[in-house]
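Shown next, in structure tokens, is the structure this report addresses.
So that you can tell them apart, the chains are marked A, B, C and D in the order they are listed, and the count of residues begins at 1 in each.
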Amino acid sequence: MPSTLSHAHLTLTRAPRPPAGAPRDEVVAQLRETARQIRLQDLALVHFAGAGHIGGDFSAVDVLTVLYGAVLDVAPDRVDDPERDRFVLSKGHVAGSYYVTLAAYGFLPVEQLATFLKPLSTLGGHPNRLHVPGVEASTGPLGHGLPIAVGQALAARLDSSPRQTYVLTGDGEMQEGSNWEAMMSASHYGLDNLTVVVDRNGLQQGASTEASMDLAPLADKARAFGFAVSEVDGHDHGALLDLLGSRERPGGRPRFVIAHTHKGHPISFMSDQVAWHHKVPDADQYATARAELDALAPAAGGAL
Amino acid sequence: MTQRLAPRWLEAETFDCRDAFVETLVALASEDPRIVGVVNDSVGSSKLDAFRTAFPDRLVNVGIAEQDMVGMAAGLAGGGRIPFVSGAACFLTARAMEQIKVDAAYSRNNLKLCGMSPGVAYGELGPTHHSIEDVAWLRALDQLVVVVPADPVETAAAIRWAAAYEGPVFVRVSRTPVPQVHPADHTFTPGRATVLHEGDDVTLVSNGTVLWRALAAAEQLAAEGIGARVLSMASVSPLDTAAVVQAARETGALVTAEESVPRGGLGGAVAEAVVAHHPVPVRMLGVDAFAPTGSAGYLLDRYGMSPEGIARAARELLHRRRS
Amino acid sequence: MPSTLSHAHLTLTRAPRPPAGAPRDEVVAQLRETARQIRLQDLALVHFAGAGHIGGDFSAVDVLTVLYGAVLDVAPDRVDDPERDRFVLSKGHVAGSYYVTLAAYGFLPVEQLATFLKPLSTLGGHPNRLHVPGVEASTGPLGHGLPIAVGQALAARLDSSPRQTYVLTGDGEMQEGSNWEAMMSASHYGLDNLTVVVDRNGLQQGASTEASMDLAPLADKARAFGFAVSEVDGHDHGALLDLLGSRERPGGRPRFVIAHTHKGHPISFMSDQVAWHHKVPDADQYATARAELDALAPAAGGAL
Amino acid sequence: MTQRLAPRWLEAETFDCRDAFVETLVALASEDPRIVGVVNDSVGSSKLDAFRTAFPDRLVNVGIAEQDMVGMAAGLAGGGRIPFVSGAACFLTARAMEQIKVDAAYSRNNLKLCGMSPGVAYGELGPTHHSIEDVAWLRALDQLVVVVPADPVETAAAIRWAAAYEGPVFVRVSRTPVPQVHPADHTFTPGRATVLHEGDDVTLVSNGTVLWRALAAAEQLAAEGIGARVLSMASVSPLDTAAVVQAARETGALVTAEESVPRGGLGGAVAEAVVAHHPVPVRMLGVDAFAPTGSAGYLLDRYGMSPEGIARAARELLHRRRS
């Protein structure tokens, strides 16, 4: 039984959004460091709560950080602004890393993270849109987020609004038929204001996607469903920033971004290991993982 | 079966409640630009042509894809719209049950789910197209208001109320012809029943397409000197527990009659209220099995819900109580 | 109100299955004539029952006839034979033409067709596997048949049996996500004993597939989901026979046959008209349609 | 909450019923080659590793695709197999409701639907992962046998029975640790309840993970001189109406307690039986709302189903009846 999380484990500090016009290198460096901080904090959350989905957390952190740090037109004081961008975390089981990201960007007080999974906490195992500021959709069951995001994007289109919609799905999640219904709708309605990002870590709950239910060729599938497809290293903050941050849109087609990632990245003993889908680091593993993340600190000269 | 009907039921003009549904929706949408329709290739079967003509850009067809239909509607709600999701009740509820649970009820998105042609309205198309379980299914969900209107007046009232209410609602809208049973100024209030016929010997609780049959039964019973109270219970969830308990106390026996499975449906809801507060005998009528081939009217009669069948159930219940 | 169907309207006669080794031309001619007879009988069923889905009936009749007349290894006296081929009518709303086809090939007494849609009839608006001999799956809700067929094909694979599974879906029906889940499974399990035939009539209930929810490019979608795709004129009995009748199988891949058809074919006023999805011919239309089908009789020198 | 528990409950060894499920399934599959497992990326969460090891070719993973899972299972059944479909109860039921209705219940395919970790077993994962509606939902379906076993013995018995029965079955299999409450030779018979504790003052009807809590409550009540009969009711559909009616007649008051929504669930089933045959007061305990964050045990206590909570409900009911 791990002891409970105390104030000393709340290491996260609020990350400033880079000012408009900041040099790309600076922005990227800042995003990289924020992602590292988010991982450190999330690691503590999962370790002390004794539960969570750290594998999928860590494969998604860089996408989440780039979206909240530099792409989404959202802010803690504008969570009800009709013209905010929309983000839907379809792979809702990575609520841990999502809460930490929201806290890093000021949507939640950092102290609140200490309640993760505690009785009556609003920070439960899956994000609840009624209780967590900034959360647009209550998710957890796979295959919900993409249809909702398509509806959000269509609403923007009906409003003739430039607001954008982003959705992050798991790759195993793309086995759900609801997603292909939504893909068809997005392209039928020509929703070029929609960006689907797939966390392509190649693993799902019990095994690889290939062994469980092969998705390949995923890019061809998305193209045949009318999307403009790109592939990117999902841990490369610069590449993610360039791709996701670009406001250029393929005329009349929604975007499908295959973010190649590693579950559990960059922890040596977690990376690409299916067991870490929802395994909880014990005290030793916690210490090792912390040390590995510490070694990546800018002062230590490391990089994710 | 209908030979003992009072002339007013035999001669009554009947209505397809989808007409009231669409007329009301068009009127509401003219005033409120947030209202959109969402369909699964069901413009015709929902009679939404007039809506599409009036607001071509505000009718979203998702194709034959019910999960996507409810999910997209939740997204539209997140974009500030008020989506009226309209598809055959059988597919809307069974195919999108998890979206209804999570995206509508749990998330409290402002969704109006309109279940077309519920119960056995699809008649000969058979049990795959019947929606006899929807009431029990959706009543099990926390947060969701479940409405089964009985006539065009009540359908219009329910749709008006749903548009004004901020939260998830399911409304049944039937194609089966029904006479008007409520006064023209009838309004819908969740958790509120209406007494349509007074009586102190037994209570008939009903709604939807069966309500006029219960009223006709009450008139038959009245002719025999049996006072049957008729409770019109469009709001299945929340239920008007007070009205049920009062009826149990004052009449001592209840018959429920509905175009759905009574297990967990209106019958179940009434049974639960009764045992919790004032236990009395309840006889539950409904379509409690996968039905054989037949029209809606044929099947309602067959499952004991001709006016005569309902009257008989009430008589038997009274007889059993006396013996 | 149409009068009820009387014995005089039971024009269908049982069609013999062509003997093995019969010349292709003879087989094709026989299939063509049987299809014409099936349409005539189905027309009467729908007219006198006052309900049915004649548009989709008529687009599917030729595929059904070729399957039952020359492809499927099934027979009325072997409906429980574990080694029979399996056929699933996923577009269950065309029960009318299916019942007539089953009667033509001896699975039902022709007289029973007179009960179509009558109270307590076993021939209801959608086929019921418990009540109609030869029916493998109770269908009606779109998107059910393909997953069931995949299960049937997988069962054959598990049994190391050569038996084949065929499924006929609507094109609008391919908007259902359940079908894409099944497509993914079929190719994941390498089910080359499965043939999916899509009745590509371009129309669904309320409008064209293109206007309702565009499926194009359907062949690309099926290919990206791992199928071997072919396209065929769905009213050309010879072409259907060659394609569906062939026991050659693409190694390890399920087959996807896009059968280009016309809803209501070949009736002049029904063909490609969306209204005829479930419109019922009145007395005049019934007479006209009969006359048009009569003109196609071999004696009249016509061809479908 | 548990301070008044008799020592045998405090010290009892507890079991994860998935172990009994898998052990039984492996044993059955060794004898019957028709048995196959069908999962949605849920080998681990169903604890089916031993099955996969023993029969690698007979475990079909459909990926994360519940509609396809049930549909394919129907096809496998059509190919002569006996598919045990095993996935989280919340997704199996809500995501594949229409396949369960049409391909399992209506078509009477020989499907065994095993709903893993139902109720609030997923604890902190929250209401999206809770399956509190499944019992009410599936009870509404004609033809489907719905089973909620209480311990490893009953889980094994239900699985054995399901394998031998030719027709569709839904069995809940929980991960929440429970003590053994049934004797080792306990068998499962649909529509048959078992009396686990005798008493004539009140009846506690329960099943699943709540049954041991009801037994502990009965022991508390016994210490106070209140005779509580405990009815173990794994078979929710069909219900053992005779046992319920006998209990109503002999004890005059019933408390139901279940890890699900009582509206339409076990509570609803009991209420319906009671009003139909022998109306007496019934108090229904269950998880009747989307739960806040908490473990399964915490939530069961919170919704009034600690042994003390159940005993209190019984006491209040008796008190009300006397006053």
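The rule is simple: contacts are C-beta pairs under 8 Å (C-beta built on N, C-alpha and C of every residue); 3 or more make two chains touch, one makes a residue touch a chain.
Everything quoted here is computed from the prediction, not taken from an experiment.
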For subunit B and subunit D, chains touching each: A, C
Centroid spacing, where centroids are CA-atom means, of subunit A and subunit D in whole angstrom: 36
Centre-of-Cα separation between subunit D and subunit C, whole angstrom: 42
Shared-contact residues (touching 2 or more other chains) in subunit B: 62-63, 65, 67-68, 90-91, 94-95, 98, 102, 106, 128
Shared interface positions of subunit C, touching two or more other chains: 128, 138-141, 143, 175-178, 181, 184-185, 188, 213
Arrangement of touching chains [line / ring / star / complete / other]: complete
Subunit C residues touching subunit D - in the complex, by the definition given at the top: 82, 86, 88, 128-130, 136-141, 143-144, 146-156, 158-159, 177-178, 181-182, 184-185, 188
Contact footprint of subunit C on subunit A as seen in their complex: 175-181, 184-185, 187-188, 213-215, 217, 220-221, 223-226
Complex interface listing, subunit B residues touching subunit D: 90-91, 93-95, 97-98, 101-102, 105-106, 127-128, 133, 136-137, 139-143, 237, 261-265, 267-269, 271-272, 274-276, 279-284, 288-290
Residues of subunit B touching subunit C in the complex: 41-45, 61-65, 67-68, 90-91, 94-95, 122, 124-126, 128-129, 292-295, 298
In the complex, subunit C residues that touch subunit B: 51, 92, 117-126, 128, 138-143, 172-173, 175-177, 204-207, 209, 212-213
